[in-house]
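Chain IDs A, B, C and D follow the sequence of writing; residue 1 opens each chain.
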Amino acid sequence: MIVVMSPNATKENLQNVVKKLESMNLRTHLSTGDERTIVGVIGDKKIIANLEMEMMAGVEKTVRITEKYKLVSRDFHPQDTIIDVDGVQIGGKEIIVMAGPCAVENLEQLREAASAVKKAGAKILRGGAYKPRTSPYDFQGLGEEGLKLLRQVADEFDMKVVTEVVDREDIQLMENYADILQVGARNMQNFQMLKALGKSTKPIMLKRGLSATISEWLNAAEYIMTGGNENVMFCERGIRTYETFTRNTLDLSAVAAVKELSHLPIVVDPSHGTGRRPMVAPMARAAIAAGADALMIEVHPHPEIALSDGNQSLTPDDFQKLMANLGEIAKAVGKTI
Amino acid sequence: MIVVMSPNATKENLQNVVKKLESMNLRTHLSTGDERTIVGVIGDKKIIANLEMEMMAGVEKTVRITEKYKLVSRDFHPQDTIIDVDGVQIGGKEIIVMAGPCAVENLEQLREAASAVKKAGAKILRGGAYKPRTSPYDFQGLGEEGLKLLRQVADEFDMKVVTEVVDREDIQLMENYADILQVGARNMQNFQMLKALGKSTKPIMLKRGLSATISEWLNAAEYIMTGGNENVMFCERGIRTYETFTRNTLDLSAVAAVKELSHLPIVVDPSHGTGRRPMVAPMARAAIAAGADALMIEVHPHPEIALSDGNQSLTPDDFQKLMANLGEIAKAVGKTI
Amino acid sequence: MIVVMSPNATKENLQNVVKKLESMNLRTHLSTGDERTIVGVIGDKKIIANLEMEMMAGVEKTVRITEKYKLVSRDFHPQDTIIDVDGVQIGGKEIIVMAGPCAVENLEQLREAASAVKKAGAKILRGGAYKPRTSPYDFQGLGEEGLKLLRQVADEFDMKVVTEVVDREDIQLMENYADILQVGARNMQNFQMLKALGKSTKPIMLKRGLSATISEWLNAAEYIMTGGNENVMFCERGIRTYETFTRNTLDLSAVAAVKELSHLPIVVDPSHGTGRRPMVAPMARAAIAAGADALMIEVHPHPEIALSDGNQSLTPDDFQKLMANLGEIAKAVGKTI
Amino acid sequence: MIVVMSPNATKENLQNVVKKLESMNLRTHLSTGDERTIVGVIGDKKIIANLEMEMMAGVEKTVRITEKYKLVSRDFHPQDTIIDVDGVQIGGKEIIVMAGPCAVENLEQLREAASAVKKAGAKILRGGAYKPRTSPYDFQGLGEEGLKLLRQVADEFDMKVVTEVVDREDIQLMENYADILQVGARNMQNFQMLKALGKSTKPIMLKRGLSATISEWLNAAEYIMTGGNENVMFCERGIRTYETFTRNTLDLSAVAAVKELSHLPIVVDPSHGTGRRPMVAPMARAAIAAGADALMIEVHPHPEIALSDGNQSLTPDDFQKLMANLGEIAKAVGKTI
């Protein structure tokens, strides 16, 4: 940490700052400029992490040098992590596609969707059994019944299941049905849930919060990893900006950022990221080109009667066409699909 | 709802749209312009709320006319709601001040803070026992021990207690100690927790999410009210924008917006809203002038050693000066403090 | 400036950094921690301002300590600046109100508006003769004819004129008619125009850009002041955020920020800041409570037929009521109106 | 346009609304629901464009159905526009790369940069002669001397020149040296300059404003096209969001949006879009995959001594490697480079 003294700080102000830091067993280095003095602070990171110096007389501001997360950081783990989801590898040479309806509605819908996406190349079936919805009057999902349908249909088509957990009470139940537990954008900083997922035996897919910084996102993953669960993958799903043409602004630079800062895999969700069917395919292609390890795409056999997010769902036909096209992009970045 | 047909929609497209709407027992009105036809949709609001028409051939877009929330809406409840917190009225003529440290640290700190803020005129003691923190390595709060200290000190100084609930598991426990349960910004759309709070006997203070729209915020309150708990107050605490000089951007226009759209009271938190000590007083004054019913302000006896948010905490002295000044502003808008 | 070396920087990397800095006649101070070394850089500010060190091998990042603006800074000019607009003082004890229609439409409209706002207490007449409009098909203003009307009507009612300049070519012409030249949000970083206004003899009102940081805004004012024109006032008019209920998000904390960082006066425009008529009055009150020196408010005799921004314009009646109410707020913060 | 009456509008309110609309030669269609009436407005678009109905008694809100731009719209011009820049085609099968230093500094720097980027495959040389800088104390560019160097070096290497115009006064001068005139983000809504560029004989590259919506951006292009200049290309260069890890948030979904709404070509600038050297290559790949027609990339022979934006400039080596890799991506989307 660096403490910047204000131009009119007194000698005594400076002495007090140094005294306080030294009393906490921290070392200091002073740089005295024409206008102000800067104090470099060195020592135990946990102590520094909790320092609050800006209230002291004469202090103008402080600058934090290091991020707090460790286990998610590439500094501490230079090689890419590959997560094994019961035989499906996420983070390696092969780009994995997760696809299916936004919400599980009934057996027929799910089977139709699964059949189509499996045939086109998807390995993981997505579908919400518990749906976080803005209004209490919107469809909230089928609950455990939805989980059962997901498991049954995934097994039928030899697929894995990813589905969202919205309450830490449900984790154990969900582990019976799902292969990957998804944390939704609204729960990215539901720290009690993150801590509980740290004890789960299942891989976690952590979606980025609507207005979460890259740093907050990585710190949220750190909550899971400090609990002991090392199988965390990120999922970029668009951030909230002033733009209203798209539902969210898909931040593909986050893919490059996560790859630089962390060893964990990253998934991209162009369906929520754009909210508009015609944009899903170009953004899926761009995600792979940017370095994403996996895609998550909404496909509904009959989007016009979907109970949620019909506007952004691909038809099985659209999806089939998209998949046929992704192989070339994958090849261009040295991967397969 | 209004369905806007695209300029190149066929007659058949239009017939299919009308047929679908009528099959759901909705009525339609057509406006035919030179370039496109617009379909007005009339009927049962719950059916309309779940309509997804944009996937149908020939549909360009749809426009929703009415918000989904009802119980929180001023349309359904024109008079201001006054919430009685065990004798302290929030939402009436008197502006109520909640004050205290960000986190409860120990008995001495809390007693010192409570003594000072009570003397200056605060009626409700604030303090976090469970702290949602960005990093797992930051101080997470004293837990139940903190709740006990809050209750003990509040009773000693004849104050009420407001404190944050971070997990729906804790609600029952917290009801034993607190008078108002606070939902933090990160949990504003933790819908399972909101539903559980709908069953609580305590008033709820619902902070606005970091990037929540006014509409999402009101819908979140609707989750609590549909559960049966009518004592909900809002708390504006700053939204996330591109500006970095302040910790958040305090949106005081949200006060006027909530007053227009809802009958529920609104609190303003200029401490988190700005994150900078010198800004707390001017923003507290502005909040009252804008029509806020209550203020929530961080006060720490020794901000320079606070375990969290020291940079934005007032000293007891600062707070005393601020309170002395607020009376005139309150009077100017026809209130007392 | 502080240069933070990366944990795996070599000794040679560090030597090269120091050598480069010293070759530019800058002094360095090293703080060596367990993981990384930090280099404090001291010396001529203009040289430091142009330093780009992040490309050098071993450098992780750099942190700038000081802002580049000087003339606008309160550090260099501790007392508040009061701007004299031909006898009307902005920045002193009296809160000045600027009011009038968004666009000048014709003599009758302007005279009706001026008569009403003058009677209610406004001292400065606002009105656009050149209108920056999103679409080329929108009304673009009356041009010089509008300027003439403004001057004629202002003189008739003994008022001053503020109006927007949209092109540096127009500055000389506008000086013949206006008392304050306004720079609109879209031109806040039209640096050629700012430089030209630095040579103007008229006071400048610099509106904040739609997504300008406080720092960029102050730097824009520095462009004007370095040209020799010391009479610059800021105008907060709302920033662009994700919220769509209001036209913009009025950032009243910017008032406190500008007061802390600069000696120049600040005006608040609650009309553009909210874009909604019922919000103008509460936000005008809040602006004064936050410390604003002046207000700018749109008033149109017949908002329902206004050629622009009718939705946010007050009627003369609304305005009269608002003004009657502002005196008490002004008094509460030690001012008059 | 649709006018939504409020639930408590009177019959008279409704009659007045209809009367006003009919007095302007507009036709109306009424849809009467249980709670409110909706008025569809049909007729001359220019009249509708200027309607302001929200001030009328009983009106709750209005909803605009159609965008105002026409010439830029794909509705009016379904085929892709290809812009011929003196033999280099932008918008066709071949992806064009523009590269060079942020600012022109001297002959040697520019020649070194041009030689490298030409060899790697760039066809257009970029470089700023007039630099819009946040602070008046930053390097402002070489002016006409810079233009001369650009022309000389481009001719030497058989390249075209793109450079930024910051003042409408300079347009004629710049036409003597440049092949494409760039409008920077800060001037995207400098409408006087846009109008003047509508009279230029040179193609225009219109960068997206820092917080411009897609709609505002297309309307800005409409300003140029209504002047008679049909050779307009867009350039996405990142928008301003709350994220600070990157300089801006590169919005690649804007590429798909522009392709959907307009027939004009779109360029992507991953250098300004990210502000971080390691992100330029992945974002350049992603831009092509998303459908971009061209790329603009900063390359500096010695980024560590660049007078501006060194942190985001590639070295000639980096650039060479990137270009070698882009061919495969281009092929995957049916293009060449």
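By our rule, a contact is a pair of C-beta atoms (placed from the backbone, for glycine too) under 8 Å apart; a residue touches a chain by one contact, two chains touch by 3 or more.
What you see is a predicted model, and the numbers here were worked out from it, not measured in a lab.
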item: For chain C and chain D, chains touching each; value: A, B
item: Which of A-C and A-B has more C-beta pairs touching across its chains; value: A-B
item: Distance between chain centroids, defined by C-alpha means - chain A, chain C (Å); value: 38
item: Centre distance in Å when chain A and chain D are each reduced to the mean of their C-alpha atoms; value: 30
item: Averaged-CA centre spacing for the pair chain B and chain A, given as whole angstrom; value: 26
item: Residues of chain D engaged with two or more neighbouring chains; value: 211, 215, 240-242, 244
item: For the chain B and chain C complex, residues of the former touching the latter; value: 211, 213-215, 239, 241-246, 249-253, 255-257, 259-260, 273-274, 278-279, 282-283, 285-291, 325, 328-329, 331-333
item: Of all residues in chain A, those that touch chain C in their complex; value: 2, 4, 7, 29-36, 38, 40, 42-43, 63, 65-66, 75, 211, 240-242, 244
item: Of chain C, residues touching chain D in the complex; value: 46, 49-50, 52-56, 68-69, 132-139, 166-169, 186-187, 189-192, 195, 209-211, 215-216, 219, 222-223, 226, 240, 277, 303-311, 313
